[in-house]
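Structures are listed in the sections that come next.
You will see two complexes here that share chain A, one where it goes with chain B and one where it goes with chain C.
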Partner chain A sequence: MNQYIFHPFVLPFVLGMAFVLTYCLVGLLRIIAQLPKDDRKQFWRSLVTPKTAWANIRDLFGDCLFHVKIWKRNPILGYMHSSIAFGWFMLIAIGHVMLFTLKPLEGVDVQGFERTFTNCYYPIFYKHFATETPVFAFLMDFFLIVIITGIFIAVVKKIYSGMVGVKRVTKFGFADNMIRFALWTIFPFRLVAEKTNIMAFWWLYSIDLMIFMCLLPFTRYMHIPTEALFILLRHAGLKAREPRKGFALAQIYSCPSCGLCIDACPMSVNDKMSDNTSAYFMKKLRNKDSEEAQRIAETCLMCGKCVMVCPVSIESCDIKFSQRAATPYNINSDHSYLDVISTEAQRSGEISVNNPHVLYFAGCMTQLTPKIMRAMKQIMEAAGEDYEFIDKDGGICCGRPMLLSGKTAEAKAMIEKNTELIKKSGAKKLVLSCPICYKVFKEEYHLEGIEIQHHTQYIDELIKSGKLQVDKGDVNYVYHDPCELGRAFGVYDEPREVIESVGNLRKAKSEKELSICCGGSLGSFNLTQQERDEITENSVNDLMFNHPDEIVTACPLCLKTFARKSPVQVQDIAEIVCEKLKK
Partner chain B sequence: MDFGFCLSPSSHVKMDSVDLTTFNSLKETNPDINTCIACGSCTATCTAGNFTEMSFRRILLMLQRGKEEQAKKMIQKCMLCGKCTLVCPRGINIRKILLDITR
Partner chain C sequence: MKENILIIGGGAAGMEAATQLQKLGQTPIIIEKSNALGGHVAQWDRLFPAFHPAKDVVEQMLANVKGVDVRMNTEVADIQRNENGFKAVLSDNTTIDAKAVVLATGFDLFNAERKQEYGYGIYNNVITSLELEKFFRTGKDERINNPKKIGFVHCVGARDVKVCNTYCSKVCCTTALKQACEMKEVFPDAEVYTFYMDLRMFGPGYEDLYLRTQKDFDVKCVRGRVCEVSEDMDGRLVIKAEDTLFGKPLKMTLDLLVLMCSMEKNKSIDAIQQKLGVANNSDGFMQIKDTYLGMNDTAKDGVFVAGTCTAPKSLPDTIAEARSVAVEVFNYINNR
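Presenting the complex of A and B:
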């Protein structure tokens, strides 16, 4: 072939590119084939539904190209990532546009297969073969320099991650370190090659590209092609059903191991526990280390913060759920005694038939903190509500802990029993004190015609409607957002408004969707008390940031957990309202 | 020797002949059970214990006496609500132990 269109140094790149494209195509077909039939149908349909199609386009540009979520999370990291990823994209895109302006290539007219073959590598190495117009020359050089500034930040981050606001970074294996080094050197080599036209650098540049392409499927950089597919699947509304198949597999390969979840995880209070974070969970799953993956899945607190901060929106909690369900504990549950409960209750007439307006379900955790129950009773009486306690003398578990252990069928039995009891009461509203119950009632129970409220929402409604009269005191409170109320359902404002009406609200260091789990979460099966205590101490320190007089929470489990470690009094929101009731 | 004076069979446990492998391996994986003071807080708060004879304190006792099957049968009643773990004055991860027994 003509020296103006071909040189052997392009071959490593072409081979690498061919390999990675084949791999991605096979992977794509495999993931789609693994989807359950219904999910696959749903996926195809979502691609042509205008609403999801629009969301797809928006996120493909926003997430894959402009990396909006990383910018929002940490602008320095946003620049680092965008400069490299978007810069590289622009180099490729502009290179291809330029292809048309260079036609015919330096006076040599190639056609047919040769033309197609030339097009594969020409935009990448064009400077060796042709000269471009000044506008393109400027653009190409500009983006190359932008990429190199991004690489500079990446090197700084590697040496001292604290400089870019990251405390803990993901620990990588050999392949990941290797490909990172390849990525860092690609662009400086390109710059030198383009400016000096020394053949050695063209070779180095091409070989570097080949290393990058060949390692890509086996490293975290697989997130580049997979994320696009993941976005489409996510918008189709799919849920991970198996820990390493179909949708879950797409998520596993979309995880860039960026480690943003490591700093966010409440378990990252020490080095040992930080190995239980989602980044490592995804890595273990990817490497088919199912034993470790199972251990991490069972250790996780399921607070959902990693999902909240994830720049790719990977639903790691769902995958952990499916991992737990895949190898559930061999407990062989026998809950046949649940049937007896209802008949006894009906016989003794414990379930009232006089249709109370409000039904209060305290839940297991509130049974352990009876002061919340007493406070709620006083509040409801002061508001003149027609109420009834469903589990005054102990009730049935809501089913969420069972669900968290991966035993869906057993949880269903409890859910059905509770549903039956609640429906028989004829209540119009169900008030819960425990966010753990709230989550499962909202997601798994089918209580048509019954409004489900957490007591923070209920009290807020009572105060706003004027049914409940409270005095404003001068105590400074800080509010802790329970994971299952805040992150899961976005109930952030109601509790804050209630607190504002009885006292002053101070801010915690991490609030709302960034609130740190108290450490008591039922989600974790493996954490020891000592480990939990460390998490609690960290969470309390975060809450004490603005020196409040009292910590207020809306979850009986958080209340009990904090009470062990807090330097100030910890109270439930119902208690502080109860104290300030107008006499 | 059984002279037939008693109506119910003897509940005598011969500690020399019972099989304690489960209990011993459990002690290895969960050394915190050694710190149990048998206070019964776990049993007192148990949600399932409200309706059944479920009692973690007894489960430990059964295991110590090699009555593994009986213990496993009792565990079937558990709802995994975690109240026992929460109230334990020794900070024993009871829920984990219950699950490990059946694993």
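Presenting the complex of A and C:
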């Protein structure tokens, strides 16, 4: 070993690097080994498919280095992330370029193992050993300063998180706080060491790097290396199947615990409930606290807002479903009635004989809000539609509640029976009033040749085609986007256009993809009524932001939930259209 | 000492409190927002458990309050506390100075439209318990057209977290059985069903009424809640319920469905209540000072409560409370 390019202070760094690389390699192999066989095949294939390969490259740069999504959300937060990530990347990259352009190193030529060994720390500590050309000196100093500005923002953010538009931040343990402190000090130490060449700062710099890398696997910063893998797996189109294996594991380690989901979560109306948010769910899973993870998975409303705001695009709802599916709930369902229902329907002959153009499936929630059914009936009559109510006399559940509790086989039995009944009808279009049903019909049913519409889309179409004539009134409405219609399928414009044709549309404080769950969601198993009421009150306040005369929604469950807490009348979109039908 | 006592509400509680306070030598003044005394009792036909005409009770009470200063069609517009007690401004712009205030503002009937699944206001043949009493009194209701099959639903708006009312409304069980028997009297050929969660027959003679309902009147009591109501082609009502004793779901077609609506606090008094500083309890009724020894007291000095403004109560309970509030007020005035 040449004295000139070695100094013992590089050793802490080298040890830390060796540890973290080994850990990541083992982790990578483990995750790939845990993937189900089909998924693994799909993954390899995606790496060589041009379309996904391009998406991989785009997102690896866009998400991991430049943090485009965070920029879009908040430029200060975006700058903080990309200055540190991209700046650090550039320091490493330029350092390595330097390594190859500057050989032999300051007149000392080392070869073989020594050369390799030197290479791994040289770009990190080069200033102690050599002086670089002015261009490199400028670039290296520039990016170092960029990183330090990012860290400055991070320190300010820690003191005052409101600056970057974040109200609540994740609560951290000892290791997370420690590694954060290490990250904050690495670069200032480096700057001082480089400028003064005081040995103590070179040691501090190296030890800081070691602390950072040794703690990395046990803290949220593990998201830095894992996110790259997660992006590849996500683009391969995989879905989490087990709560703590394979793809799910990659997602768990990709969660940076940034806490954006905490502010977004409808449960964050109070501190106690905010412990149920996805950031903590991922943390509990990661720490193998399966009891708490199970509790959170069962408490979640499954509104999908955390998935929508997640800068890493972690599909936390999917992981929660897989957690539920892994639990053997004592549900002894008896589906023998399914056969009886099919014979009843055949006997009445209602569906098969009439051969209607439009089939209306109210669903059990709409059965409990008969005003919606009555309104739909009047609307279809007024439009002169050839229609039939498929479940007027009590039908079969769409299957979604069973799916929500992870009972796929039971859900499948219902789905098959409904499919048989619907196909037999010969209808061209299926209209649903309940977004909960809509989601399952869109995703799990195979109804080729039959158009599936939610009644907001259907009514919008009827009005636009001129089949339905309505009068515009002067009532000010606010529209609540049901989770299963909005975030799940992006049906945002049709209901708004319908409302504008019968009255004035006022804006809510949080709209469209940021709409707040009503609190009545079937998704949660164990929220108490009081907790749900708090969520509802918060959501109602958000809707009342611009003082509308009435709240309009498009989901019977949201309707019932809001009606309990709203200071103004709550109606379904079908009801307000029905009021304004041209006589 | 003879003092003015402001009694807000001219129902059973207000009338009885006034009667007793007058006997104790005080000057009660009843403020009644409607054009008649008697409150909800006056809207009833007969009373449980012995089918006693409500009219008799109301007439007796009216005779008792003779000589009491009653302000009909009047509400309290504003009320202030001063060193002598209270100064109230009425809706007719007159003012009253009073030493003490008795809130006897009673209840509102639960708005059955809030339980949309029961179809009140949507289907023609769904009526409330109050509307049925009116039918018994007047014999007139277009919706009641010689029904062959009649259902009663208990606990509408009571013991139901879904409408935010977790309390028991106390009197609907017995009222439902009384009304079921009366329907059998009017329509002897009709089949009558009641759908209950529990039958809370807490008073003297109530359990006997329950036995008679089944034995003498052949009313069928089904333990289970009705979950939804729809209308068939002929405009008859199709109800779905669960018979929890058989452990089976059931479906039934009815000609008439009667909803036993719960009691909720009369909210028209909210503004005055707030001015007086009287809080609500978790059920939304007025908060009393103590469950056992302060049921007529509020947290505020000189402000007293009686009757169903503090919780659902039967008529005998209300009258007993009205009498006790008179003694409490009398003692308050005389500093005893």
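In the analysis below, the second predicted complex is superposed on the first by the 577 of 583 C-alpha atoms of A that agree within 3 Å, B and C clash if a C-alpha of one lies under 4 Å from a C-alpha of the other, contacts with A are read in each partner's own complex, and residues count from 1 in each chain.
In this section, a residue touches a chain if its C-beta (ideal position, glycine included) is under 8 Å from a C-beta of that chain, and two chains touch if they have at least 3 such contacts.
Since we're looking at a predicted model, the values are computed, not measured.
Aligning the shared chain A places chain B and chain C in steric conflict. After overlaying the two complexes on the shared chain, residue contacts for A:405 are found with chain B alone; chain C is out of touch. Once chain A of one complex is fitted onto chain A of the other, the partner contacts of A:489 are absent, as it touches neither chain B nor chain C. In the superposition on chain A, A:89 makes contact with neither chain B nor chain C. Taking chain A as the reference chain, the count of touched residues is higher for B when chain B and chain C are set side by side.
Residue contacts after overlaying the shared chain place A:397 against chain B, while chain C stays out of touching range. Judged by the touch definition given at the top, the superposed model places A:557 against chain B, while chain C stays out of reach.
When the shared chain is aligned, chain B comes close enough to touch A:525, but chain C does not. Look at A:367: by the touch rule set out above, it reaches both chain B and chain C. Once the two complexes are overlaid on the shared chain, A:414 sits against chain B while remaining clear of chain C. In the superposed model, A:172 makes contact with neither chain B nor chain C. With chain A as the common frame, the single stretch of chain B that clashes into chain C is 38-46; none of the other options in 2-10, 38-46 or 74-82 do. Within chain A, the residues touching chain B in one complex and chain C in the other are 367-368, 394, 529, 560. Of all residues in chain A, only 329-335, 337-338, 340-341, 364-365, 367-368, 394-397, 401-402, 404-405, 407, 414, 520, 522, 525-530, 557, 560 touch chain B in the complex they form. Contacts from chain C toward chain A in the complex involve residues 114, 116-117, 119, 122-123, 161-164, 227-231, 238, 240, 251. Residue ranges of chain B in contact with chain A, taken from their complex: 32, 45, 47-48, 50-52, 72, 75-83, 86-87, 91-93, 95-96, 98-99, 102-103. Residues 367-371, 374, 392-394, 529, 533, 560, 563-564 of chain A are the ones touching chain C in the complex.
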